[in-house]
Amino acid sequence: MNVVLWIIFLPIILFVIGTFMLGYSRKFIARIERRYGPPIQQVFYDIFKLMNKKTNISHGWMHDIAILMLLGGTLLTMYFVPVPGFHFFAQYGDMLVIMYILLIPALGMALGVGETANPNGSIGISRALMMLAGYDIPFVLTFIGFAMINHTTSMYDLMLAQQAGGIAGWGLISQPLLGIAALIALQGMLGEKPFEVMVAPHEIATGPMTEMGGKYLGIMMIQHAIGIVVELTIYINLFLGGAVNWFEYIVKLFVLFTMLLSVNAVFGRFRTDDAVRFMWKIPLPLAIIGILFIIF
Amino acid sequence: MVNPILLIIVPLGTAFLISLTASFLKNSTKYLALLAMIANVWVSIKLLPEVMQHSINVVIAGVKPPLGINLFVGPSGAVFSILISAAGLLILLYSFKYIEGDSQHKYYTLFLLLITGSHGMVLTGDVFNLFVFFEILAISSYILVGYEGKRNGLEAAVKYLILGSIGSVLILVAVALIYQEAGTLNMADLADKFGMIDPSKRLMILVFFITGMGVEAAVFPLNSWLPDAHSSAPSSISAMLSGFVIEVALIVIVKFVYSIFAMTEILGFLSLVAVITLLVGEFAAFKQANIKRVLAYSSIGQIGLILFAMSLNSTGGINAGLMQIVNHTASKSILFLVAGFLIVRTGSYQISDYRGIAKKMPVSAFFFVIGVLSLLGVPPFFGFFSKLAIIIAALHTGSIFNTVMVFLVLLGTVIESIYFLRIIQVMYNRDGIVDSVKEAPFLPLLAIAAFAVVILAGFLVLPQITGYTGGVASEIVRKMQMAQVF
Amino acid sequence: MEYAKENSIIEMMQTEFPEAHFTVKKERRIEVKMPSGRLYDFAVRMQKKWNFLHLSAISCVDWIDDGEFELVYHFWNYDEKVLVMAKIRIPREEEGDSHFETISNLWQPAKFFERDIHEMFGVYFDGSEDMERFILTDWTGPPPMRKDFITREFALNFYHYREYEPQWLKDMMAAGEGNE
Amino acid sequence: MSIVLNLLSIALAGVVLNVLFSKSKIVQKYVSLLIFAGLTYFSFVMYSQVGEHFDFPFQIAGQSIGFTITWLNYYFGIMITGITLLTVIFSLKYMEGKDGSTHYYTVLSLKTFGMLGVIFSSDLITFFVFWEIMSWSTFGLMSTGGKDAPKSAFKYFVFAITASMILMAGVVLSYSLFGSFDFAVIHDKIGSLSLPMTGFLLSIFIVSFSVESAVFPVHSWLPDGYSNTFTTFTAYLSGISTRIGIYGIILFLFGIFGIQTVDKLSIIGKINFRYVFGVFAALTMVVPTFTALYQHDAKKLIAWHSVGQGGYMLIGLASGSALGIAGGMFHVLNHMAYVVLIVFAIAAVEHRTGTTNLNKLGGLIKKMPVSYLALLFGIIGLAGLPPMNGFVSKWFIYRALILGGYPFLAIAAVIGTLGTILSVYKLIHNMFLGQLPERYNNVKEVGFSMQLPMWILMIVVLGLGIFPGAAMGLIAKIQVALGLTAVPYSLHGIQTASGQLNMLVVSAVFIGGIFVTWIIYLLGSRRKHVSQYNNYAAGNFLDKKVAYNFNYEFYAAMEHVIDPYRKKIIQRTEQGIAGLTDAVSEYIRRIYTGMINTYGIYVITAFIVTIIILKELI
Amino acid sequence: MDEKLTQRSVWEKIAAKLSKRSLWMLHYCTGCGAIELPPTMTARFDMERFGINPMVTPRQADILLITGYLSVKTLKRVVLTYEQMQAPKYVVGFGSCTINGGMYWNSYATMKSLDRYIPVETYIAGCMPRPEAIIHSFNELIAKIDRGEANSWKDYYKNYDFYRKNQEHTFEGPIETYNDIKADAALFRI
């Protein structure tokens, strides 16, 4: 019975956590810029206003289906990532499945933005896909390293293996190289500042979101909120030993998010090929050396 | 029991008859030649079943060997005579339409002399007699090469003449040495006595004979006459030259090395020379633009392949070599005959001028493709079985040397398929520019079709063919004894 | 002889253009008045012979009383560092464009100076490649720089000017705070 | 045994009838349709006769030759006949009006005849005979259909003839080693061979099959060859023709040599034959997919991808674990389904717009929705995303590589996938998304006869994605037949001890997620459809004349990153070899100088040399 | 904006209260007022406190800020951008140039009053008002939204002909913005 409850309430819980985290991030960056910054619940207001818009511009049926694919894909990933107290679906699909499901929202958005027939959108998507190629390789390499140690590709078993060893068992501690490489790749995955070239407002008018307005942009923000929580949870499950209760989980979420935000607040924006070169010059060799340690 | 001597006398007689009656028979002399060839084919077919049981020995003019001249007709003699007479007949049919002009009778007399020479070389049992027929063969082919009277034809004929005469001088010296050492000219007798001759003398005989016959058999260093001769001779003649004249010379060398001199230890050297000939032939043909020269070089390549098969010192090898000879005679004749009318119709030797000719001459282009496919050894055609047999024979010996040679042979086939394919692609090119061209006349196409039938139906009658060639191979391998002759 | 350089230049030009009237306005500034027909030849010599490579501007003055437009061509010489202002008068048409020949085949920038003058004054330069409007693209009124064009009156009618008496301003004025 | 004979005789009848009716196009079309329908029917019905053997009446070199049916060639048989039927249905309309269509149908049936012969052969001779027929007919058709088709077909031919010569050497070598051509006999006697000789023989066969299935170093013929001919023929080629090489590799690696003998060939510790083969497969995955980024012609891009996907199949087989081999074999079927679907969509676009140049197309989704859907299903399958079948076989391959302890091969697979996603999005974006140029305003969707194959393949791609069990049953039978351990499978995925994949649950949750999003979507007010010219352009007015698309150099930044590493080693080595043969042939041609005195010197030197050599020999 | 506001439902009141807290401003710097925006956004005056963020595209913006004079060419683009924005949208006229032409009152090239071409929500007087004035006007706007009076965008649909006539009078001819205003009016049941 509680599985059904979890299925209904998990999206709402994660949406709320995600939106508060986004609000917190805007306040955090405002504080760094010595200004008050919007209230914590600002993102709720934004999402509400967007959903309440009277006109919603759509460029074709694919534009709408893409929005469904976008949030639908993220919800799918959310259910498959184990969260404290709920890992019912984890048995049906392992980390490989999660790694591929992560790409469905990206492809959905890409198709929708393509349909809007705006070159700014297309440039944004081509940059986003190039960034994807950049950060995804080190991230998957770190996962492969762990899967080889524990001879399993299921994320839930990896989490249990880490919890068995206490703090020392955490991925970040036992395999520091893989942990750091994955952290840098995570920065790219969340689209934080140094790797934010796909939504650069000044150059390509917020890239993919150029033609998205009204409820389309609202759903994209919902997806962004849930997506951030899901990607952070993946990192936590693989490297920070997962979470036993919700309090530990939220603390880890916010600590990790603050680390990423502090990097975001300080850095400018990489050009696309510099970002890809950075991703293939720093985290990738780190991960490869990490794997070599594991093999020999 | 029909007397094999007819195979030589009939063409010789008709040749002189034609030159006599040329003045009033004018252009109808060719029908006389046709009769002679038909007679030859009939005789050789009749001979074959008898010869398979026991070889026939015919004494000429009553004088018994070792003094008199005798014909020793074994399975090799019979098989080759069928090959020569059948190919000769078809090429004769082809040249009815191909050779015009009033001096036809000269062409047909020389044609028949060529046939006589080749029959003689294959059937004779006497070394000197072999030299005589070799001379007839060589001289008639010199003149035929220069028949068209154009400048490059004559020049090629002169070159062929000079080299050919060097070759015949060498053979003459060899015959003289044989007579001086072994005291006999009869092959069977020579085979018995050859062992007793002291080694240095034997070496000299061997070298003289092989080099002399090698010039005619187009082995690598000695075949420099072949490209010019074949490319400037009339196509029917070059079809005959590379069809069976070279093979006849080759089989004579092989017969001497195996059954008469019985010097099987030089086979390693022969196979090495063979592979060099193959590679030289293929690579030289790679860059050719003139279609006749391409076919000439490819003949050199095929000769190398046949010689390699023959010098494997096993009946399987010789059997495979013989099958390859049959395949080469059929497919190379098709290619030369088709090329003949390509040149006549388009008036140029350059391959690039045949762009899109398949639309205008579909039947000859189709036969050209079949000829090429069979030559390369593509499965459904006869060439595949012969090439397969060669490689099986080579690999059966198991020696590393042969495996390396097999890979070189395969490389040669790859090169060969590339340059032949380039020709086919030009012919079947879509945007053809050749428009004023008509299809070749019916009779030559019929002749080409007959050759094609041999290739296409080859695998149906495969057991019979391998049976005959097997007989020839076993005859060659066994040392010739005097007893056989009587 | 304080303007030695300028006078030497004037002599040089005077020989070729006797009917032109040269005056030295001040140090490194020469003014030339000439009949409009002779201008093209003058411009060709300036560029090819006398090394005045730079045409910095073509300006137009609307002498409405004389009924003429005055076109002023400003030529610069990099070596001598002297500016020559060639002034010519062309008749001024009331309606439609008044015409003059183009020198854009000698100098590239002339294209834009001529387009600008055509837009603002209505002088059509024959032979120029492109006489389209490019500043006042949506302009429907007469050429605005002409003397007979009263901008104030045009602006009020065309854009329906209205005074701005907002309520808060009236209250403030009534309370007397506005003007201390 | 009559089934195989029926198959081959029908295919041969196809060839003959096509030649006979070459004059009237209509009769030829429907005759070939009938022929291939018959072929498909018989190949599906054949499962009852698996295991039978049939011998030809005559022998070659004393060995009997013939056909046999095993589960492996039943599996490939279905694929060949199925795809040929779909291709013919598609090309009924596509080939209208194109010159060379008579040639097309004849050679297509000849090629099917060759391929069926190859997969059903039970000995090396039949295998080689039908292999030659197949490669010659591929060459025949590949040289028509495009303006520089002959050149690329010639390049294919050079590779193919070299491969078949190597194969011939292998056939005869094994005959001389084992005394028989028959696969079963060789399989029994393989153990008796010395290790280096087995290695040599195995590498001969693997090299000749790698040329046909375009493994890394010898793949450069495929992109030009496949993209310059008729597009429907490209579909047929990249769908199944290159996979006959994979069939050969499976047959020889597992069927004849057996996994045990292959594992014995180890050089140092883990680095055994399979690992070396895996490295080549990894290179085949990575290099072509990133070259595909550069292409701006749709057919070339897909041709490069069919090379890349071939790498996935090979790495699955090279992993050696039951899961990996099952993944490799399953990927053959998946790849066939989605790549043919993609090329059909490209053919539909080419049929309507006349071009496949990605820089000129755009916005066709508004005019050709069905082709868009087909391409979408295809690229999701090609990229290997969950709901489609590509994901399942890639998942098998990944797990096999990771758990088998090959991390760097797994990484090559990941890099390959990402390269695929990038270039595959460029394909669908440049063709169907973005602004619709003015000249394609009156383009219509393709007719029913072209849509039918697309719909069928879409159902196959989605069906296999959600219920992989349908094909896994056949693959398990093959694995058992080849003596490998079968993979425990169920209708919707696999259940192994160390992990479970349930595609049904994944798809169900995805549909659930979409439903929830649809509800949120309905919360907002109604959507307002706008035309493509009502777009944000920083305040400028869009008009029909200006092409407001971002198609040209879609991944410029990635090209900057990759360019330094693209040394074009392959092209340079090829030019080198070609130059070498030319130089050698030029040098040798110069031997025949044409002056008589040189010929004289040749004869004399030959004479002296023979004397010297023969003196030692005697 | 003169007739009495119809009675708003409870849901609309709540919606107004929530959506007033998040207004996105189209950073469209047309005139010299644009230089006043950065100070209002950054540390000293920080308009983000009120949930007002600068956005780049009209699709995502609620507030269209016309900062200063508008030449005829720029006016044409402003009308296009306005029509591309998504309702409910509020135009803020910035500086005296938008009210009655300001310093360029007698220029032939600049438009004199903005609300003849697009409905304007609030005006900010001043020849470049200071950030405090901008913040004040934004708060004024937020209060209007809260009271539900900020419906000037409906006015564009109600008397579209008036605006259309003025626009065509100023420009050389009708401009093609691919927006069917009449259909939209029916959509919003105005």
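Order of writing sets the labels: A, B, C, D and E. Residues in every chain begin at 1.
By our rule, contacts are C-beta pairs under 8 Å (C-beta built on N, C-alpha and C of every residue); 3 or more make two chains touch, one makes a residue touch a chain.
Quick caveat: nothing in here was measured; it's all calculated off a predicted structure.
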item: Chain separated most widely from chain C, comparing mean CA positions; value: B
item: Chain-chain pair with the highest tally of contacting C-beta pairs; value: A-D
item: Rounded Å distance, chain B centre to chain E centre (Cα mean); value: 100
item: Between chain D and chain C, distance of the C-alpha-averaged centres to the nearest whole Å; value: 73
item: Centre distance in Å when chain B and chain D are each reduced to the mean of their C-alpha atoms; value: 45
item: Geometric centre distance via CA averages, chain E-chain A, whole Å; value: 36
item: Multi-chain contact residues (two or more partners), chain E; value: 57, 59, 184, 187
item: In chain B, residues with contacts to at least two other chains; value: none
item: Residue list for chain A, restricted to those that touch at least two other chains; value: 52-57, 205, 210-211, 214
item: Touch relationships between chains, expressed as pairs; value: A-D, A-E, B-D, C-E, D-E
item: Touch list for chain A against partner chain E, complex; value: 26, 30, 33-39, 42, 44-46, 48-49, 52-57, 201-202, 205-206, 209-214, 217
item: Complex interface listing, chain D residues touching chain B; value: 58, 60-61, 99-100, 128-129, 132-133, 136, 143-144, 150, 153-154, 157-158, 161-162, 165-166, 168-169, 172-173, 175-176, 581-582, 584-586, 588-589, 591-592, 594, 596, 598-600, 602-603, 605-607, 609-611, 613-615, 617-618
item: Sites on chain B touched by chain D in the complex; value: 158-159, 162-163, 166-167, 170, 199, 202-203, 206-207, 210-211, 214-215, 220-222, 224-225, 227-228, 263, 265-266, 268-269, 280, 283-288, 373, 378-380, 384-385, 387-389, 391-392, 395-396, 398, 403, 406-407, 410-411, 413-415, 417-418, 421-422, 425, 428-430, 459, 462-463
item: Of all residues in chain D, those that touch chain E in their complex; value: 526, 528, 530-531, 533-534, 536, 539-543
item: Chain D-facing residues of chain E, complex; value: 28, 57-59, 77-78, 80-81, 84, 175-179, 184, 187
